[in-house]
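To keep things simple, chains are lettered A, B, C and D as they appear, and every chain counts its residues starting from 1.
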Amino acid sequence: MHPDMKVELAGLALRSPLIVASGVLGSSTGLIKRVSENNSVGAVVTKTVTYNPRNGYENPTAVDLGFGFLNAMGLPNPGYLDYKNELAELRDKIEIPLIVSIGPSNSEEAAEMVKALNDVSDAFELNLSCPHTEKLGLEVGSDPEKVRSITASTRKYTSKPLFIKVSPNVTDVVEIARAAVEAGVDAITAINTLKSMAIDVNAMKPVLSNTYGGLSGRAIHPIAVRIVYELYEALEVPIVGCGGVYDWKDAIELILAGASAIQVGSAIAYSNDFKIFNDIEKGVNDYLVNKGFGSIKNIIGLAHKC
Amino acid sequence: MHPDMKVELAGLALRSPLIVASGVLGSSTGLIKRVSENNSVGAVVTKTVTYNPRNGYENPTAVDLGFGFLNAMGLPNPGYLDYKNELAELRDKIEIPLIVSIGPSNSEEAAEMVKALNDVSDAFELNLSCPHTEKLGLEVGSDPEKVRSITASTRKYTSKPLFIKVSPNVTDVVEIARAAVEAGVDAITAINTLKSMAIDVNAMKPVLSNTYGGLSGRAIHPIAVRIVYELYEALEVPIVGCGGVYDWKDAIELILAGASAIQVGSAIAYSNDFKIFNDIEKGVNDYLVNKGFGSIKNIIGLAHKC
Amino acid sequence: MFGKLHYYVEAEVVRNISETSRVNTLVLKLGQCMDIKPGQFLMVWRPSDGEIPITPSLTQEDTVCLTIEKVGFTSSRLAGLKAGEKIFLRGPYGNGFNLEYPGKYLLVGGGTGAASLTPAYLKLVEKGVQTLFLVGGRNSDNLVYVNKLRELKANIRIATDDGSLGFHGTLPEFFKEIIAESFFENVLTIGPEKMMVKIAEECHRNGIRCQVSLVRIVKCGIGFCGSCALDPVGLRVCVDGPVFNAEEILGTDFGAYMRNEAGRRVEVTL
Amino acid sequence: MFGKLHYYVEAEVVRNISETSRVNTLVLKLGQCMDIKPGQFLMVWRPSDGEIPITPSLTQEDTVCLTIEKVGFTSSRLAGLKAGEKIFLRGPYGNGFNLEYPGKYLLVGGGTGAASLTPAYLKLVEKGVQTLFLVGGRNSDNLVYVNKLRELKANIRIATDDGSLGFHGTLPEFFKEIIAESFFENVLTIGPEKMMVKIAEECHRNGIRCQVSLVRIVKCGIGFCGSCALDPVGLRVCVDGPVFNAEEILGTDFGAYMRNEAGRRVEVTL
């Protein structure tokens, strides 16, 4: 028996439920192409692209905690106009959906960006949830009204599937997600990183040049599971689970909580190939076989009490 | 050289900066007494006591994740009236400050509780931050106005040092803490647990009977460091750092971020004595010696950029 | 490296053996071997039925037996499981018995205690130590695990409150007689607390080293919720116990008070 | 068990050796030994000065040397540190050189490259492998680590662009002459990228196995930010490199394009 690993996600047909999370490939179209050649990968989200180019923060920008990571890259990217040209070249060279992550700071930027990027993307992921970037990300994404207006403006200019990526750094994530759903998003990606920091006890200073950064990896997985579960209870749109997926068990946990697909970010650290995706896919496959499920679709949200 | 480990905390004189966090000793006055006999312990916070007795949630109430723990005890406690009698008996038998944690759900409860408990406590910690208890905890603690009124009412009926314990599950923790400071708290304990959950992939069900629980331990330490740092930048009152302190480095990180004292919770899991406090104290002591500091007070908040 | 990501070991009920009208033994096949020392306990979970602490009555690689008395909701549900049903185990937790002390061992089991003492018995046999097993119950229909112990060639003596089998009287009464007959250096006991405290006091009077396995409300099982505390000494049953040298806890709340689920101090009734 | 809670290894500057007007070598004493393979790199941090990747020029238990060219803010600040000052190291990162290939090794170092190749040289000597070291610079005042290499008894040949010492011409020109004189099975090279690509092409034409150590903008150093990618092949310098077999990357952006800090594709100038 070979369980069906294909998923349908807001109109995107994915050969595998595993998606490369935004940011972990930087702006390298070469990395996108390389990872797209891995059969266990179902789609790729680009690095979040902003209206203007950004160098990002000075080093240090990353901390390895063992049980997770901190990063404060500061959304480095060449800006949407420049990146559009690179994506145009890439587009025909890859066989899986390309989800372009955009980080507008207001409705006007959102509109211009999607208009320009429509042709080079299969879907958009609206990132209003970066916890360590002024005026972008969380400053916008924690205010339901701003989320509603930016989402509406994005929706107006694209008919491509539209995802919103939500932050765990808010009192009520369902409220934010609901605002986005009402404004027209097709699916929700949960979660982005948690605002955190590290101090080196010998240097006696914050490690990150930006002081604050985002916590990702193993440490945030139980928070991701909770938020996916809450969103699944409250809303009707599909959910993409993201946060601390290192192995098949982590992925299954999020799917049972209600995720239709899974993003993998930090777990690619240190790996000089992308075998992690093959390992996770094999584990998920074996799990479905052992439990007698014919398709990954059969277990989505199964942990909800009835 | 023997660095000075004594701290002054909102009027409390502590022989050591290490405090036992609320909840990890349950309602056992025997455990409080036993831990108070450890010389490395500076003070003890009781289990949060509520107006009415509570049985707490059904088992399972705890999950060991390896990199942290989930719990959804549900604030089991005998209620403040019953517990008052036990504390009265205990009071003379211990030599270190006893900080009574109270979890009122409104101003009236707060007033009655402190009036009754004033005689049996050296200080109060107001817990409005439990992430998994309906009508208590976070439902109150995420609303600055409710925090303000409950704090004011508590303040009115006690002249004992008053701490508020804040939650990381809010968009703006500084706003909440500021409301409490304006209403008269003397110090802030940061942080309580993060709302999280775990699903067993074989059982295909949430593990905790309450579905949701609070994440504690290693995983939340970088979040605790961030919040202590933010509070130290924004407010003038002393801060008690809590969250994922397993060893001296974790403690030092919080102190450099701005904590005047440290609470230890989850790290007592599995240990059938309280040696963890001795280990942490020795590590902090050695650190001060190596870096040439005469007192723990000299390093509070030292990581703040100037 | 990063802890127990499966959280629980899955186990399948292979057989459900009715011991008495109130007690059943579940024979379980584990999805993964567990290394359990005699006297350690497991947290036994079934979704929607709850989770309770149980000291296994057999622990052999991937087979574990749980002997469960139906005292309330969860225990009754678990004791009623059928072959093929799944339950979930975490642990082992706690210290277990110390079987390194020299001399002969007298094992005293009341209720399901006889079952929970069996792994200790088997270990002692393996070590070539001389043992005697006292099993007690209200009447002959209330005796747990006696057939199993016979099968295992244990040296058993029985006491029933109504005299329907063996000694006529309680286990502590019988115990007194037995140790008058022949001296034992060590006693291990599991059973109702009122019974255990009497055994422990008797041991104290006679200079016998006595280990008791205590029951308190176990919630976390890992020592960080304080629910299982024995006051006023502040010992936690789940990590400092469940087995205690009786000498350490005589004169405490042992046999007299426990805390209920709300943490309130209440009298021990059984 | 739970990762690098110190985050960084603290190191104290023992000596600052001026190599040229633009290059200094820091001799560091580590608070903790690091096991660094030749060709692996460290992330070198000093609070408020920043953090940059450096391939050490000596790695001996608790002593590490960093040879740093002042090209911008952080490198200039680090290169100017005095004895007694503290810096912080994380790593080692990346793959390092493969020194298991049979045959003789020709090491080609431009700029600070000669220094960064020294641990590989020492390892080869230890293995009894025959080596020749080509060191190049604009003029005789620009040569880095030559005295150190002499001290280490390396077999050195020098090229200067202005002919002020050794061969008159560039390293790639000199390289051509050298391999015409005597064949080497292996080349290791670190230096300006335009130089390395010429060496690599020459090796390709002559059937020589060539390993190059690439520079891209390294931010995380651990492979999860994509900043250091070599396009269009999508290799990450920090985890797939920094050392690459030249054959694998000839025809890519190597020698032609890199990404700047914003991730924009820009021309390689040096």
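Here is the rule we go by: a contact is a pair of C-beta atoms (placed from the backbone, for glycine too) under 8 Å apart; a residue touches a chain by one contact, two chains touch by 3 or more.
All figures in this text were calculated on a predicted structure; none of them were measured in a lab.
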Item checked: Smallest count of steps, each to a touching chain, taking chain A to chain B -> 1
Next item on the list: Could you work out which chain's C-alpha centre is the most distant one from the centre of chain D?
Entry: C
Margin query: Quick check: how many Å separate the C-alpha centres of chain A and chain D?
Written below: 36
Next item on the list: Can you check how far apart chain B and chain D are, centre to centre, with Cα atoms defining each centre and the answer in Å?
Entry: 50
Next item on the list: Measure off the straight-line distance from the CA centroid of chain C to the CA centroid of chain D, and report it in whole Å.
Entry: 66
Check: For chain D, what residues touch not just one other chain but two or more?
Finding: 2, 5-6, 48
Notebook entry, point to check: Could you say which residues in chain A touch two or more other chains, in rising order?
Noted result: 65, 67, 198, 201, 205, 218, 249, 305
Next item on the list: Using the touch rule from the top, collect the residues of chain B that touch chain A in their complex.
Entry: 65, 67-68, 70, 142, 169-171, 194-199, 201, 204-206, 211-212, 215, 218-220, 222-223, 225-226, 229, 249, 252-253, 256-257, 287, 299, 302-303, 305
Notebook entry, point to check: In the complex of these two chains, what residues of chain B are touching chain C?
Noted result: 23-35, 47, 53-56, 58-67, 69, 71, 73, 76-79, 82-83, 86, 198, 200-203, 205, 207, 209, 265-266, 268-272
Notebook entry, point to check: In the complex of these two chains, what residues of chain D are touching chain A?
Noted result: 2-8, 10, 31, 43, 45, 47-48, 50-52, 74, 86, 88, 90, 95, 219-236, 239-240, 259-265
